[in-house]
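Going in written order, the chains are labelled A, B, C and D, and every chain counts its residues from 1.
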């Protein structure tokens, strides 16, 4: 009898929840968000989600979308693994009926979602964080985009920073063992060696371990001038910095975007003073990041030192632009509109100027979107053509130093 | 939300359930019938996925192969390589106490994951293998998932049939007798280790095929897919919930568990956006609680052990 | 002092003992003999609630044992030496004996002295791990552990199983010696002849039922019993 | 360099050893692999965070309170789950512990969030010995001393007290322990309590040396099992020794293989041990 009961309860639960989501469905425009709220990347997912919510708020506060409808965001959790991510994406598409999705973060989830759900379903997918080169070459019929630049750009800038500005001849790299770390590492090694430098060690680390002392020891072996660290704050980056300092393995560092966070200096300000890092940023003249910071802090309090909050804001915003342009929520129409609406020589729209954007679209104008992460422009492959900035630690804070336009 | 949407999600849901059901049937062969404690399913899954990917993708500089072989050969190769792996693992470990075998297999599964993560020549490392062909995808267009579901159902049917057939054969009876009274079977002059090994290898073959199905369905695999929670323990939960040593129970266990796993999302999705993080953690807690309730109230699983034909074969 | 009344016992749904009654009187040695699989050990275990009891009761000095916890049984002077695995191998001999007194450690010193005097070889092995001892010495440890609590009734499950012949007689002599100190003994034994020869009374079991019951001597002289169970 | 790696290994190893003692005893007595052990470790570390950072209590008090609270959680797990399932297949209990692991980890996530936490944000400069030959932090010395004290305490407890001897006896042979009159249920509760305390200590020391994250314990679970297997299931001394061997060999392995394969070292040792001597280095014979 018990099995019957469980069965019945299960089925009721499933259908009640299915139908509730149906009943409350008003006349809204839906965009799905597919981010990890649990599992390995949970600490990024939460804030990424805030980025999308902020975009939603701006759009709805300024009269909504497609003639006054509300923008609705439907979120599912990828649990940072492809099985649940793919399932979640399919729920978004089939059950919630979205035709555009922001997500996922790691390429290991984004790619299978694209291949098995969104591309065949003709749904537009914009990843705010997946940097894998595979996304560039994916056979996606143009349905996959990203608002984060691919790794190679930043790698070149970081390597040039090391050899030209900082005059390092010997560099050790420690990178997180995933596609993000791997990609940056490869690009950095190539460029640094081209510049005539020597990479003394290039070591991958497993994320989320408690001790990286042996990796650090190996990296420090041939007395390199500095450590170039490719990591996120929470998956081991901070641990590596602290253990490097504590044990005196390194006193000079170069960081990449995943570590562009005041958090890394907490408690170790005096040791990191004057260190440099790189990160995708806005073009000279744009002030998207500043506006974004203000808006975010008004809404959610202090902006956390995490990457991809801005890029997920941008992903949501440009999707809204494309929907407005297309005049419908049809996936194919959104895809085509994304290519048409954005242009480098278009009229400037800031991230809090949704009304202006709508007017421009109505007037048939193209838009130069000065996004939260910098201007968003897609190339043929759906990749973002951003700029890379150099940042610096000054008085324990992170300040932008210069912008390298590529 | 449309009826069509629900239907297409249902198809999708059943495909995933089906892939997990293949794993559960395979585990039932090893655990339910032969009493083998394999908690390294992720390893066989990964080996199956990667084998089929390497076999069926076009030649690539990024990983071993590809050999551009047809889908069916990919499935077969996936099963065979996984079976071979099981054989090699089994030689030293199959005679160990059951929990030792378990710990050995989980260790090996983690080592396999590290290898595919770090050996780029073989598996393209952390970047994974993309573009794994979907059979007949070119012809079928929008209704592709229905076709894939048919493939999955077909494979489940084959495995189910063979598994039932096998377990009712003299071979299966010896197997069950070993699980019940190993000493008696040994005394009857049967080579216990050989029977166990056969069940282990057969189960691994099925896991390999299941892994291949997963690879072809998602079209992309990377080491992230083969972590112990989703690839091993979830399958165990399915088996235990359905009832060990019962093929039908395995299928229902897969359906119900995956239903809970994904269905709880609809529940927590109703919480306001500000609580998304809490909702997601809450959801996993809910899954855990569901599992414990079922274990406590029906430790033998929903269906319990099926009574198969007379249990001993005195030959 | 012990009275088993029409007991049915086994494992789970498998019934092995089909209605057996048995009695041990104060100061007696009582043996249970029978072929392999006759249920001797199961019967002995049922007294200590180590198997499932389906029906019947066991009266020990006026209390029903089937309703008593193990620690209470030991407090009331009941002790059991299992057939195999009857010592804690990674604990020292001394620790094994101490654990025998887990329930209460009154007059511990005296009891230990008594046990060491009963089994002198244990004295020098005091600090050795029980797992490193020979079979005979282990049996001594097992006996010692069971005797620490000054039991009134000692249950022995095949005390000579697996022992070298020289130890068999030694151990059985010890059983008699223990009995002389006032401990009643109920034992299951493979060496049926030797067991019955030293017993006051005996029971012969087969297929989970009681076949014969008589004085030890009487059973030894019973031709039927001799033919069927004592190997002629 | 080798000496430094050795020292790092000893520190990691003593933390693993603390966690492995309880895991081994539970495995030995209750005959199942407790897969929630790593997450109990995390929980202990977060309890200490609650007391030390959030409630600003002194470290020693936070340590004790956290250890006691973790012990309580372990006992509750036993009461609510494992006690009922124990008479069944050991696999069921194991699966149930996987469920418990999920629940604990996500409760931590629910209350403390996914971000890294620190007991103390400032870093400590190492004491440098022999011209950079050996570096060790003050915290690490504290860890080694605390671990040593705990190990000695465990040793005294197991050999000098009736309860400790009963625990060892139960790991040896639970049936015999029962007919000896040991109140097995009570000893099981105490075993959970002791495991909880030791596991919490391991988690706290680990976080003390590095930082807190919700997955810290789950990631250390397999090395814990490796230590248990290496030392022999049910042997607390084996677990201590196994922990040290696993810690040291993991750290020193980077001399010969890529650091990316460091986690594989523990598993490889574990598997080799299972094949060569399944009873473990110090375990009793498996019949």
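Note that a residue touches a chain if its C-beta (ideal position, glycine included) is under 8 Å from a C-beta of that chain, and two chains touch if they have at least 3 such contacts.
All values derive from a computational prediction rather than experimental measurement.
J.: Starting at subunit A, how many touching-chain steps does it take at least to reach subunit D?
T.: Counted as steps through touching chains, the separation is 1.
J.: Quickly list, by label, the chains bordering both subunit A and subunit B.
T.: Chains that touch both subunit A and subunit B, as defined above, are D.
J.: Find the chain most remote from subunit A, comparing centres computed as mean CA coordinates.
T.: C
J.: How many Å are there between the centre of subunit B and the centre of subunit D, using C-alpha atoms for each centre?
T.: Distance between chain centres: 31 Å.
J.: I'd like the Å distance between the centres of subunit A and subunit C, where a centre is the mean of that chain's Cα atoms.
T.: 74
J.: For subunit B versus subunit C, what separation do you get between their C-alpha means, in angstrom?
T.: 50
J.: Averaged over CA atoms, how far is the centre of subunit C from the centre of subunit D? Could you give it in whole Å?
T.: 41
J.: Send over the residues of subunit B in touch with two or more other chains.
T.: 117-118, 229, 277, 281, 284
J.: Note the residues in subunit A that touch 2 or more other chains, in rising order.
T.: 38, 42, 46, 177, 204
J.: Using the touch definition from the top, which residues of subunit C touch two or more other chains?
T.: In subunit C, nothing touches at least two other chains.
J.: Looking only at which chains touch which, which shape fits best: line, ring, star, complete or other?
T.: other
J.: Pairs of chains that touch, anyone?
T.: All touching pairs, sorted by chain label, are A-B, A-D, B-D, C-D.
J.: Which positions of subunit B touch subunit A when the two form their complex?
T.: Per the stated touch rule, the residues are 1-2, 5-6, 8-9, 12-13, 16, 117-118, 125-128, 130-131, 137, 142, 144-145, 217-225, 227, 229-231, 256, 259-263, 265-267, 269-270, 273, 276-277, 279-281, 283-284, 294, 297-298, 302-303.
J.: Subunit C touches which residues of subunit D in the complex?
T.: 162, 165-166, 168-169, 171-173, 175-183, 235, 284-285
J.: Considering the complex alone, what residue numbers of subunit C touch subunit D?
T.: 48, 50, 70-71, 73-75, 80, 82, 85-91, 95, 98-100, 102-103, 131, 145, 149
J.: Please give the residue numbers of subunit D that touch subunit A in the complex, ascending.
T.: 1, 4-5, 8, 12, 106, 109, 113-116, 118, 120-126, 128, 132, 135, 137, 206, 209-211, 213-216, 219-220, 251, 253-254, 258-260, 262-263
J.: Once bound in the complex, which stretches of subunit B touch subunit D?
T.: Counting only subunit B, the residues touching subunit D are 31, 37, 92-93, 96-97, 99-100, 102-104, 106-108, 110-111, 114, 117-118, 229, 233, 236-237, 240, 244, 277-278, 281-282, 284-285, 287-289, 291-292, 295-296, 299-300.
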